[in-house]
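Letters are used for the chains, namely A, B, C, D, E and F, taken in the order the chains are written, and counting of residues starts over at 1 for each.
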Amino acid sequence: MPIVTIQITREGTTPEQKAALIKGATDLMSEVLNKPPALTFVVIQEVELADWGVAGLPVEEFRRQTGSEPNGD
Amino acid sequence: MPIVTIQITREGTTPEQKAALIKGATDLMSEVLNKPPALTFVVIQEVELADWGVAGLPVEEFRRQTGSEPNGD
Amino acid sequence: MPIVTIQITREGTTPEQKAALIKGATDLMSEVLNKPPALTFVVIQEVELADWGVAGLPVEEFRRQTGSEPNGD
Amino acid sequence: MPIVTIQITREGTTPEQKAALIKGATDLMSEVLNKPPALTFVVIQEVELADWGVAGLPVEEFRRQTGSEPNGD
Amino acid sequence: MPIVTIQITREGTTPEQKAALIKGATDLMSEVLNKPPALTFVVIQEVELADWGVAGLPVEEFRRQTGSEPNGD
Amino acid sequence: MPIVTIQITREGTTPEQKAALIKGATDLMSEVLNKPPALTFVVIQEVELADWGVAGLPVEEFRRQTGSEPNGD
């Protein structure tokens, strides 16, 4: 009965992508630890860009300063 | 000074129900472990249906496939 | 399919008390939101006293300075 | 590579304050544990007032009963 | 820069299995959302059996009553 | 009444360093958001090296492959 929590920045993740994350995480628990899907919970938490910091900066400012692309981090 | 975090799918939980969850969780900590309510935090996290997975499926798809009711899970 | 996480300081909580917390939290979800126990997870996280801070102090120092009892907080 | 999660009630915290929280938390990890900012994540979680309980009450009711100011808790 | 947290009961998960969980979760974020592995954190939290409850019971009691195998849940 | 959770790898963090993290996090909430220390909780979670992954690898393997120092990440 594992719980997999996936925290990502809120940047347009589609329902299909979320379904793929849920399936992938559940399959992973089944394949590696033989955990039954019926008792595997997956929770996705989308976090606003202003609420996520890296290198001491909010993500958008970090990207501005480093020139990295939205999906480069 | 316990912290009780309650994660539920976002499905119309009313302020009254939330107040009941807060009171019930606080009473539980007090009754079982004698923890003072004044230093007991309860945090409710409502999760969108598309962001919660069980049996490898987003909840709504899980319910569609299994025919289970919204509050059947 | 709620998840209830209970964080408490590690101070000798017995298996019986943990079972009571698990039952109480599950009953609470059932009574208030009609959530089925079979899909309600409860996770207890015991935290070392040195790892829990309040009022800017580790718990033991907080208690020393305020004279509060172990279960007074 | 620490992760610092800051949970606060949703009460108008500005982007500038969030940036200050991110910088401050990152600096703290660097100063105390010499952790590199580039691999320090800070996640801010704002919680609705109705979803946060203390002393067995939702925050707003707690403040009403105790007369405490929004930033008095 | 996603964070994937995997909560499982403490039941002898080997370092190799943990490495497989870390690789699998990182690959999943990369394949589905194109997230760079270098900024993907995976945190595994093992929970004692007495600290995990389902159906209102600690896991071991749940298994005793339902006859389910350790990896049947 | 904020909650600050600090997740770090378990690598010999001393009680004094933990006390400094608790004080620093509490001061940060007070300085930036005027939150009262008496109702600010700080929880430190130390994670075993084998339980923390980055770049698809357990930390120790990541360090072996990249040659980075224990406190270089």
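One rule holds in what follows: a contact is a pair of C-beta atoms (placed from the backbone, for glycine too) under 8 Å apart; a residue touches a chain by one contact, two chains touch by 3 or more.
It should be emphasised that the depicted structure is a prediction, and the values quoted were computed from it without experimental measurement.
K.L.:
Among the remaining chains, which ones contact both chain A and chain D?
P.N.:
Neighbours common to chain A and chain D are B, E.
K.L.:
What is the touch distance from chain A to chain F, in steps?
P.N.:
The distance in steps between these two chains is 2.
K.L.:
Taking only the C-alpha atoms, how many degrees of rotation bring chain C onto chain F, rounded to the nearest 5?
P.N.:
Angle of the fitting rotation, chain C to chain F: 120 degrees.
K.L.:
Taking all residue numbers used at the chain E/chain F interface, answer same if over half belong to both copies and different if under half do.
P.N.:
different
K.L.:
Calculate how many whole Å lie between the centre of chain C and the centre of chain E, each centre taken as the average of the chain's C-alpha atoms.
P.N.:
Whole-Å distance between the two chain centres: 21.
K.L.:
Hey, how far is the Cα centre of chain A from the one of chain E, in Å?
P.N.:
Measuring from centre to centre gives 15 Å for this pair.
K.L.:
When you check chain C against every other chain, which residues touch at least two of them?
P.N.:
1, 3, 7, 21, 25, 41, 43, 52, 54
K.L.:
Under the stated touch criterion, can you name all the chain pairs that qualify?
P.N.:
Chain pairs that touch: A-B, A-C, A-D, A-E, B-C, B-D, B-F, C-E, C-F, D-E, D-F, E-F.
K.L.:
So in the complex, which bits of chain E are touching chain A?
P.N.:
1-9, 13, 17, 20-21, 24-25, 28-29, 31-36, 39, 52, 54, 59, 71-73
K.L.:
Give every residue of chain F touching chain C within the complex, in rising order.
P.N.:
Residues 15, 18-19, 21-23, 25-27, 37-38, 40-46.
K.L.:
Could you list, by residue number, the parts of chain E that touch chain C in their complex?
P.N.:
So the residues of chain E in touch with chain C come to 7, 47, 50-58, 61.
K.L.:
What does chain D use to touch chain E in their complex?
P.N.:
Touching chain E from chain D are residues 1, 3, 41, 43.
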